[in-house]
Structure formats: structure tokens, C-alpha cells
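Order of writing sets the chain letters: A, B, C, D, E, F, G, H, I, J, K and L. Residues in each chain are counted from 1.
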Amino acid sequence: MEHIYKKIELVGSSTTTIEDAVKNALERAAKTVHNLRWLEIVETRGQIEDGKLAYWQVTIKVGFTLDA
Amino acid sequence: MEHIYKKIELVGSSTTTIEDAVKNALERAAKTVHNLRWLEIVETRGQIEDGKLAYWQVTIKVGFTLDA
Amino acid sequence: MEHIYKKIELVGSSTTTIEDAVKNALERAAKTVHNLRWLEIVETRGQIEDGKLAYWQVTIKVGFTLDA
Amino acid sequence: MEHIYKKIELVGSSTTTIEDAVKNALERAAKTVHNLRWLEIVETRGQIEDGKLAYWQVTIKVGFTLDA
Amino acid sequence: MEHIYKKIELVGSSTTTIEDAVKNALERAAKTVHNLRWLEIVETRGQIEDGKLAYWQVTIKVGFTLDA
Amino acid sequence: MEHIYKKIELVGSSTTTIEDAVKNALERAAKTVHNLRWLEIVETRGQIEDGKLAYWQVTIKVGFTLDA
Amino acid sequence: MEHIYKKIELVGSSTTTIEDAVKNALERAAKTVHNLRWLEIVETRGQIEDGKLAYWQVTIKVGFTLDA
Amino acid sequence: MEHIYKKIELVGSSTTTIEDAVKNALERAAKTVHNLRWLEIVETRGQIEDGKLAYWQVTIKVGFTLDA
Amino acid sequence: MEHIYKKIELVGSSTTTIEDAVKNALERAAKTVHNLRWLEIVETRGQIEDGKLAYWQVTIKVGFTLDA
Amino acid sequence: MEHIYKKIELVGSSTTTIEDAVKNALERAAKTVHNLRWLEIVETRGQIEDGKLAYWQVTIKVGFTLDA
Amino acid sequence: MEHIYKKIELVGSSTTTIEDAVKNALERAAKTVHNLRWLEIVETRGQIEDGKLAYWQVTIKVGFTLDA
Amino acid sequence: MEHIYKKIELVGSSTTTIEDAVKNALERAAKTVHNLRWLEIVETRGQIEDGKLAYWQVTIKVGFTLDA
């Protein structure tokens, strides 16, 4: 109940969907941070090439539990 | 033209997509409120379990017509 | 490096996904504007018919290079 | 002094003025809610037909006293 | 996991502390709404009488589970 | 349903009312843009001369349908 | 060109219109401050009595030239 | 009803609580300004010394009636 | 004077007060980060159990000096 | 007095200063738009190469008079 | 430690740089207010003449210590 | 294309310019973080001594590539 959390800000990208860009960022974070608990989407952008959306770039904040 | 609308704030969730979380909230709202007209996404969050996105939580405002 | 960009604001719609609504707006923009470079999602709304989401309406800002 | 208030969000419309759109929303609210106390304008939009403003749409939050 | 929540906006007041103003709003809400889950402080104001703070007025959003 | 809209930002002015400043901006826009659909008030300012309000300056965003 | 301005924040009220509430605040400010130059509307609220709008309360920022 | 108010921005501090920091700012304001009516908390900060919170710094806006 | 600071975002919790939730987050941060200098409250939430506030969750940004 | 203005959004860049990035955007705009009147800085970013700031990217809104 | 500060809002201008516009505002403020402590840039605008930036206008908030 | 970025928040200072304060923060960051890619200015403040600007304090977010 009285946990302390830290929040970090990441940008994930994906050629397919907004959801996939978020999951790619999470997957990378999970390599070095344990106890990931929740995320909040902060900003959604897309890079365009040849007049078409090339990939999504989604900025998220991710919260995780700090060990006591 | 001179309709009056009320807006309520809901949070829907889904294990699959942001769109599906919104639709789940709408489906629930439609059980008790008629004349739903539009929605606005206010916030998009995700709950994480075992380092992976477990489900999306999307906060929306939903507008509906008030009977005269 | 010292490019000048212009940003315009568009609203795209789609009966399927948020991503598709963005792509529809881009496709229309690419007909008259060249050198589209990036986009930012500004607002996501949905129109509701018969208690179900009928189509998404996504407002984006799109940046493109101005010819020197 | 220690009253508890609830705030609801409404959209009123009028073909004439912003003030009138607000009053139309209040008039409708007063049919079912007592003890309305104050309002805050949240957003002001207008619908356009044939190149002219057809009607104002004003979103307000209205606060009212909850019975103890 | 796939719960749907509704959020309502309340203003609580107290002559003592900000925390107490929030608790007074919750206590009132709990009389008619079950399954209250969380709150977010939106705004904190104070009314002043004779040059001293007379009571706090704290606006909160409260989320609760909608029955399926 | 799957229309694409463009939004432009204008500032209209009037010596009389906020509503009139908006209408003046719309009237000018309608000369060169067809299919105006809606507007959103972004900012309301006033210029003061001799201690009195001389004219209102209202910034709006106007949305219009792009031909396919 | 290189004037320095100060901005102060006022709340004006009126039983009739938003514009009139602003003018009442300006009229009061002009009694003690010279060289008023512009204003920006910050917030528009209304007080309600007996289910009807009793008076508008409009918060403005007013800019004026500081003497060198 | 048609009062005009002025709002000023103050920062109060206290080694004990957020509420006390606000009261300290009010106490100072009341020495030179009469008719203080309400306050709004704008920002809450804390200064840290030796790894512990040393004192709170709370920015408020205070509204008071202007004499006619 | 020309120090460089880093800011991190933490969420502290407490069953008693908002101030205590902040102090719990600071206490945890001080275990691994030296030279903590100031904090800013970003968001205040509460978790509710059995219709009563169970604990406060306060999000803060904490600034600390980076060694040269 | 009753001019109508249009605002467009541009991004200028410069390897030297923020002011220069703005001037570069203005210089480009002045090639095709007459009667430029004012600008507002919306966002300031920098691109980094080899650990050093390579160039500034400043987003501005520029207002200009529309011919009657 | 338990100082009380007041914040005022000023607009400074300069034909050269953003920094210079801030300093011009400070220089003017220092003529009548003692104990200026810090400033925050709120908004940066520029006036344009003949297609070129004529002068910067920078809005700042300035904090100063109130005598006890 | 599918890079993942992390963003950190820093405050740099300088007695000369806003640009220099940013560069000082970058220089410090580059000592421990590789692959810095871009920055965004979040807030610009100044400390005042003897009525004059003593040094600028600029808060930035800096994005850098996370190794896969």
C-alpha cells in the first residue's frame, strides 16, 4: 500500500500500430527495470515517408515499484 | 439544432486495443443511457503485468442528448 | 539542416481504427502537399450511432518542408 | 459552509448568443436538478451553415449543492 | 480486469485541512454510490473571512466501478 | 462519414460583441473557402483606448471539408 | 516600441452579458490605472439563483504601459 | 453582486504543512489588503535540506474586493 | 551558480496526509540520490477502500545537483 | 481596427540562436505572405549531434492581415 | 526560510534578443520594487514590420520578497 | 526506424544566454549518456541579484537512444 514508484519517460516506435509502439518501449524497459506497473501515453506522433505513414512514435511514462 | 447535451466521463478497458477499450465503455453506457452522440478520448493508460501490457484503460467523455 | 517547415491541422475519419483515420487524412494531404515529414495527434473523437461507435475522427498536425 | 457540491458537464446551444446557449443549458438542468449554484464555461464552438454561423454550442460545468 | 468505471466531479469543504475536505466529499458520495475506487484532486481553493482562511474547498474526481 | 477536414486559425474583430467578432472572421473566410463546418473559440482579447474597450479580438479555429 | 507593460488580473461581473462584465472591470481599473492597453479573458463563470443565471463573473488580465 | 475583484499572486512558506504555508501568505496579505475573499492554490513546491523536506512553498492567487 | 540539476518523477504514498506521502517518497530517494534540492507536486490522488480514503498517492518531481 | 488576421504555424531552424531560427522562418514566410504582423513562440527544440547542440528548431505561429 | 513572496507579471521588449527584453523589464521593475528574486518566462512574442522581426515582447512573472 | 528513446529532465544554468544554459546541461549529460538525439525546452527561469539578472535556469527534456 505504501509503495514508492518511479516514473520514466520513453518513446517507442512501430511500423504497424500505436499499441505496438507502446509494447516495443515496454519490452525494452523490461530488460533493465523490474516491477513495471502502469503506463500513460503522453504524445503520439508519426514519421512520414513518400507521403505515407512510415512508423508511429509514441511517448509514454512508465511507473515501476522501487525496492524498499 | 438547439439540443442540450450532457457529457459523462467513463473509463473502459480491454486486453487488446485502445479502440476496443473505448467500445467496451460505450457498450456499458448504452445499457442505461440513450441517444449517445459522440465521445472524446481524455487519457490512455495501460496496466502492466510480468513486464507486459496486460490491458488498456482509456478515459473518455461521452455526450448524449437530453430529452427536452 | 536549416529547413523551414509548415504545419497544418487536419481531421481524418475512419470506421475502423484511429490509425486508419490518420492515414486517410495523410492520403488526402499528399494529393496537394509534397514533402510531408511528420504528424502529431492532437485530439481523438468518435461519432456514435445506435449506441455504437460509427467512426473515429482524429485531429492531427502535419509538418512538411517548405521549398526554399 | 461545509456544503458538498457536484459538478456536471452540459452543452447548450442557441442561434443568437453565447450567453443564451448557456441559459438554455441551465433551463434544462433546472428541470431535474435543484440548488444549482454556479457554472464555468469550458468550451465555445459554433456550427456553420451556408458560410454563416448557424448556432452556438457552449460547454459548461454546473455546480449544485448535494443534500446532506 | 475489464471493469468499466465512471468518474464524477465533487467539491468538498472543511474548516481544518485539505485532506478533510476530500474526506467529507467522499463520505457524502459513499451514501449513494458504491464501489468507489480512487480520486484525483482537481483544484484547491479556500474561502477567506475577516482576513483568515475560513474553509477549504477541494474539487475532486472520483472513480467507481459500474456494475456489469 | 469519412470526410477529411482542414482547420485554419483566424482572428476576427468587432467594436460591439464577441459573437460579432467571430462572425466577421467567418464572413471573410467564406469569401475564399467553401464548406465551412464549425468553429472553436481559442482566445478572446480586447484592445483598450482611452480607458474603454475599443474592439474585441477573437481567435478561432474554423473547420471545413476538403474536396475528395 | 520598447515599452514595458504590467498585467493585472481582475474579475468583473454583470447581470447582462459577458462583454458587460469585462467593461465593468475595465471601468473600475481606469479609475486608478492609466494607459490601459489590452485585455485577455482568462475565465468565464456565472452565479445561479433560483435556477437562473443571476450574474456573469469574468476574469481578465489587463495590460497597461508602465511610465519609464 | 456586481463587485469587482482583483487577484494577486503570493508564495507562502512553512516548515510544517501546505495549509500553514497558505495561511502565512494570507496573514501577510491581510496586513495591507482588506476584503480578502478567496484563494486558489497554483503550485506546491518544497525545499529539501539534508535529504529531508525543510519547508513548503505554496503559490496562491488571492482575490479581494476593490472599493467602488 | 552554474549548477546542473536533474529532475526525477516519483510517487509516494501515505495513509495519513499528502505531506507524509511526499516525505515517504523523499526518504526513499535520499537512499540512493544525494544533493536533493527541491520538489514540485505534480498530481494528488487517493485510493478508496470500503468507501473511505485508504491512502494518498502523490506524484512529485524532485531536483538534485549533478556532480560536475 | 476591424482587420481579420490569419495565423499559420511554421518551424524555423538555425545553428546559432533561438532568435535566428525564428528570423529564418519569418524570412521564408515573407516570400509568399504579405502583411506579417506578429509571431508567438510555441515550442523550442534542439537537435543534438555528437553530444553537442547542432541546430535549434523553433515552432512559431505567425499572424498576418487578410486583404478585405 | 519562511519568506513571503509576491509575483507580478510584466512584458518587456527589445529589438535585439529575448534575453534583452527580459532585462529591460527587470530594469524597470527594479526602480520601484526591491528584493527581486527570480523570474519565469511566460510567453514570447515578436512584432513584425516590413516582413522582419521589429522587436521581441516577452511576458515574465517576477517574484520578490515582501517585507515582514 | 524502430529505435526506443528515453527522455530525462535537466536544468542547466548560465550567466549569459538561454542557449548557453541549455548547452551547459547538454555538456554535462554527454559525460554519462551517449546517443543524445534531441532536446525540448520545458521552462525558462532567471535568478535575480541586486536587481539584475544573475543567471538563467533552463529546464529541458533530452532524448537519447537506448541500446537494443
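Convention: contacts are C-beta pairs under 8 Å (C-beta built on N, C-alpha and C of every residue); 3 or more make two chains touch, one makes a residue touch a chain.
Everything numeric in this text was worked out from a predicted model, so none of it was measured.
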If each hop has to land on a touching chain, what is the smallest number of hops from chain C to chain K?
2
If you match contact pairs by residue number, which of J-K, E-H or G-H shares over half of them with A-L?
G-H
Average the CA atoms of each chain to get its centre, and name the chain whose centre is farthest from that of chain F.
I
Averaged over CA atoms, how far is the centre of chain B from the centre of chain C? Could you give it in whole Å?
22
Please compute the C-alpha centroid of chain A, do the same for chain K, then give the distance between them in whole Å.
38
Identify all positions of chain G at which a residue touches two or more other chains, and write them in rising order.
8, 17-18, 47
If I apply the definition of touch given earlier, which pairs of chains qualify?
A-B, A-C, A-I, A-L, B-C, B-D, B-E, C-F, C-J, D-E, D-F, D-G, E-H, E-I, F-G, F-J, G-H, G-K, H-I, H-K, I-L, J-K, J-L, K-L
Touching residues (chain side chain D, partner chain F) in the complex
17-18, 43-48, 51-53, 56
List the residues on chain D that touch chain G in their complex, please.
17-19, 22-23, 26-27, 30, 34, 36-41, 62
Can you list the chain H residues touching chain K in their complex?
8-15, 24-25, 28, 47, 54-55, 59
Of all residues in chain C, which touch chain J in the complex?
1-8, 61, 63, 66, 68
